[in-house]
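See structure below.
Order as written gives the chain letters A, B, C and D; numbering starts at 1 within each chain.
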């Protein structure tokens, strides 16, 4: 049976034109899928957790679902400062329940954006953002700039569906569009670019400031910036000014390097300044398929996009204090609920070691270093394959995923796990 | 410090961690597959820098940062030239080297970290 | 759920739709609806010496959707000062100018409001609007999809294909479960997509060669033919410029000829006219165009407006009119967000502080009140602050007190910019609203304009949405002790939703989930299907999503309620 | 009247000590203070669980003095919104120390974490150790930085010190992290140690002096003159300085004084000096 218009749940592109052929409960063929999507649709059953597991010595024993839920609920209720982390590789419906759970059990609820595009959001809180949806780029953009981002690796169909190679109403072909890449290495994306600006690591802020000077017509008293001669900086500034409709896509090259949220401060200000001369927009290359959705739900329920501390009963927010890296660095949390995320593998090891010392409950479809280090592991269905759910694309367009397979027997969706956990916690608190 | 980042003779570099296609596919397929584990313990260097430190493709090298050290397999970068910059895909091995300091932004430093490279 | 039967005894009832002006009477409720006779063993409420009105209805309040959420994201400093801890019943959240969805629901209900409409939702992102509306507790609600800059509609107008355009509008309303046709700066937001501006009704839209006048006339005609319950909801062009009151009048006049065959109901609703009611030629001599607009409205019954009153203090402005917001950013230097949406519309958000001493802000304050006081027919001037653009909706009691008491107006007039005071005619207006008129402009007229015939009144069969305020009209003279009026409207003594007491003395006691209204146009299924098939080609070319992922099915909404065409 | 609180049972949990302001304690007995409840993690717990409280009636001056002894690195909001009186921390001071403080004096023997003196109106904070990031900064998204009072740090400070600062004085004896005085609007910052750079990013007013080494300056600053002293308004420092004005991208009138003899590599700016005469 061929299912059309399937939303892919890997990267922030959320391509929704996949056609998946399902034959007796197995994915036979997937049309329009990139290599990342193919590996997800083809290998969704590898390394799966099929039964709830509870820690026994340094191994696990299978446990009945309700016992795992009850133990997890008790752990969270008894804790003095729990950490609820993840929320970006699951559906918005599960995130809504997670936020209610955080309100009940107190402590900090934070999502992957605090170690991904969080600094970009902090920049928006200082400067604002001139943004648009991806269709505006496809239909109108004659200048596309990728800064510190390598879509060929991380967002394989981005350029074909939305930017340089897309066919839009007013910009129909690659020839009509100028592609520029700024990065510290000559990435695959850089090799496709019309202009490539290679800069020294940790010097994005200086280059962005210099570009603003050139755009605002301010005189600069130096001859090289970020390893580039000033003439090349002025050349790039001229390209930005002379376009009709330009877009700056930025990746983790800006959010993770020296300067972090201030890099975005400068990039957002550059694009704002450009709007006095032409039409210019900026968009983060969000990594996971529902990072944006997680930020949106966090924001309309608590007022803040990530890093929310409920320990006083109302939401408090301050990145650097209420975010996972800092809560772990200060070793403040005494229990953790991890939903669809792998912090043990991806956080700097000193933080991962702190996390290993406290009781962890992990809800995840696959075995990961985090599930290996957890006290309780609850299996969950894969959003977009085995369960529906709302997800948000990197430009904030909401899409509803389709359920094309049944989850393995006994495995529940994130939403169901969260509602059972919520019911159990409410029971304990009464 | 900021700005100057040329290759010093004693092998001081800037470490950049990031996504690669294989690492991306691997994380979807399973974090204990052979292919994923191989990909995340690779360190890409600029061929010139490899010559400078007489490192051969596929050789085991040690990368040290202020926060830890790790054994990796050297690989000539196809994204050269990027003198003074080494690249390791996201994963548990890279996490041994990245910095937990968030400079008040909540974001640990996963790119642009001072690193040293030694033969294995 | 609490029992849904009530006997409200001895209240002083104001129910304009049933011409009840302050009569002492009982209101009986059974099964969530109003009935004529007392109900056996129903819960008794003694409302003697208290004002009893239908539940408040807000026709225009930005409470849900992508640009509202961008506003929330951008303003942690606005949340930081106004936090709400969780209670056994209420969810936690933050408030002031961009409150979280739960707090929005609670604070409207605390003021006796039971129905609120989100007036601007880009169709492509209306799924987001519905998700937020479904987490806005207690109040009934709905949203207006934006159509004034839609590529398909502008193409149909240029190619003069009226039937296809009508079918497309019907298809779109049903596809995204919207309630009314919203037009914002028609053609102007498409021009802003290129960073350009449109300033008058007959200026062609770049690359589409249609004029705002044509867009307004076509959509008005379609809206009438589809018999949509609410007239077209129009945010006029030229919003940022002094002297834009002429565009507002021209816009109302542009559809005057279509008004002949309707039964006296307005066919165009022009929104937040305070922002587009400025006279003068520059910021130095900007003045109030309210007298002229009021004069036009008093002479022409085919148009109605909502005020968009400003309140001095800190707030967040947000509209689909991206060009206006950029100009406001240039003027104020505050942070600025822009969010253009492919094929459909745009949006902009700029935090803003209205200051008494500022000449332009003081004039704006005057324009809003002059409009409300000079338009004679209260059925056609709805009281809103275009939340949060003019000010947070929690400031409604203050606006009500200004309308009811010349003394309160005079006091504030004394504190505003003196040049502005001289230029405004507000000082010489003696009119003071009665409670009857307040009931019209805050519920009865708005319900009627929305075509919700079972809302905004207390006659038999109506929804039992009732607000009881601790205000004794016999003892309190609103024009003198306006502070008592303000206090009474700030925290309702009782708010009743579908017969359930949801708020007592300003405290939320129950949090049921309200309905989401949407309009099912009266077109046969086949014409909608054939329309869908013949736009599928262009849809794929212009949009970046598949058509069947664009359509929202009714099951997606938590508590949908389809509304058949009125009239 | 002096209250002494000894932190005898430290906790890893975040401890919110904002109720402990001199105004709140005035006239309370030691027992009453011990029963005051503060947030430790998500629970309200009596102070007596962590501190033993002593009341030493010093009596010679009227205002209340509070001394807290112990390593309070996990505490928060010590002296938050203080109006008067005196607080002394013998040990580390934790996060948000003296946040939105209006008056009074806080001294800390050890280090403090980030957001010290955030949004401060008046009064004075003295840190003998080092301070974290965002010293005297505004809250996220707000432009209400420190507007009055004095923060003296004898050690070094983290990054983005004095963000969105509007007034008052920050004096750092040690070194400072990057983005010193980012988006500064007024007031004065004096750093006697080094600073890696990106000083005064986006500043529109105020004055900064760095007496130690500075790596580089942002392209959006232009050299104004060579001065024999750095005039920060609240304080003057003698010595040779290059004076830069900026941030030009914000049409800013901020001033940055960079010590001449510590930064020979800044000599390049002298060739731009003569251009106005």
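One rule holds for everything that comes next: a contact is a pair of C-beta atoms (placed from the backbone, for glycine too) under 8 Å apart; a residue touches a chain by one contact, two chains touch by 3 or more.
From a predicted model like this one, the values you see are computed outputs, not experimental measurements.
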Chain closest to the middle [Cα centroid of all protein chains]: A
Of C-D and A-B, pair with higher C-beta contact tally: A-B
Centroid spacing, where centroids are CA-atom means, of subunit A and subunit B in whole angstrom: 22
Rounded Å distance between subunit B and subunit C, as computed from the means of their C-alpha atoms: 56
Rounded Å distance between subunit C and subunit D, as computed from the means of their C-alpha atoms: 46
Centre-to-centre distance between subunit D and subunit B (centres being mean Cα positions), rounded to whole Å: 37
For subunit B, residues that touch 2 or more chains besides their own: 2-3, 103-104
Touching two or more other chains - residue numbers and ranges from subunit D: 114, 133-134, 139-141, 160, 178, 198, 216
Sites on subunit C at which at least two other chains make contact: 74-76, 335
Partner subunit A, residues of subunit B touching it in the complex: 2-3, 5, 14, 16, 18-21, 24-33, 67-68, 77, 79-82, 85, 87, 90-92, 95-96, 98-112
Residue ranges of subunit B in contact with subunit D within the complex: 1-3, 103-104
In the complex, subunit A residues that touch subunit D: 79-82, 105-107, 122, 125-126, 205-206, 209-210, 212-213, 216, 218-222, 225, 258-259, 262, 265-266, 269, 273, 310-312, 317-321, 330-332, 334
Subunit C contact footprint on subunit D (complex, rising order): 138-142, 144
Sites on subunit A touched by subunit C in the complex: 4-5, 7, 16-17, 92, 96, 100, 103-104, 121, 124-136, 138-140, 161-162, 167-170, 244-245, 272, 275-276, 278-279, 281, 295-297, 299-305, 310, 312-317, 390, 392, 396-400
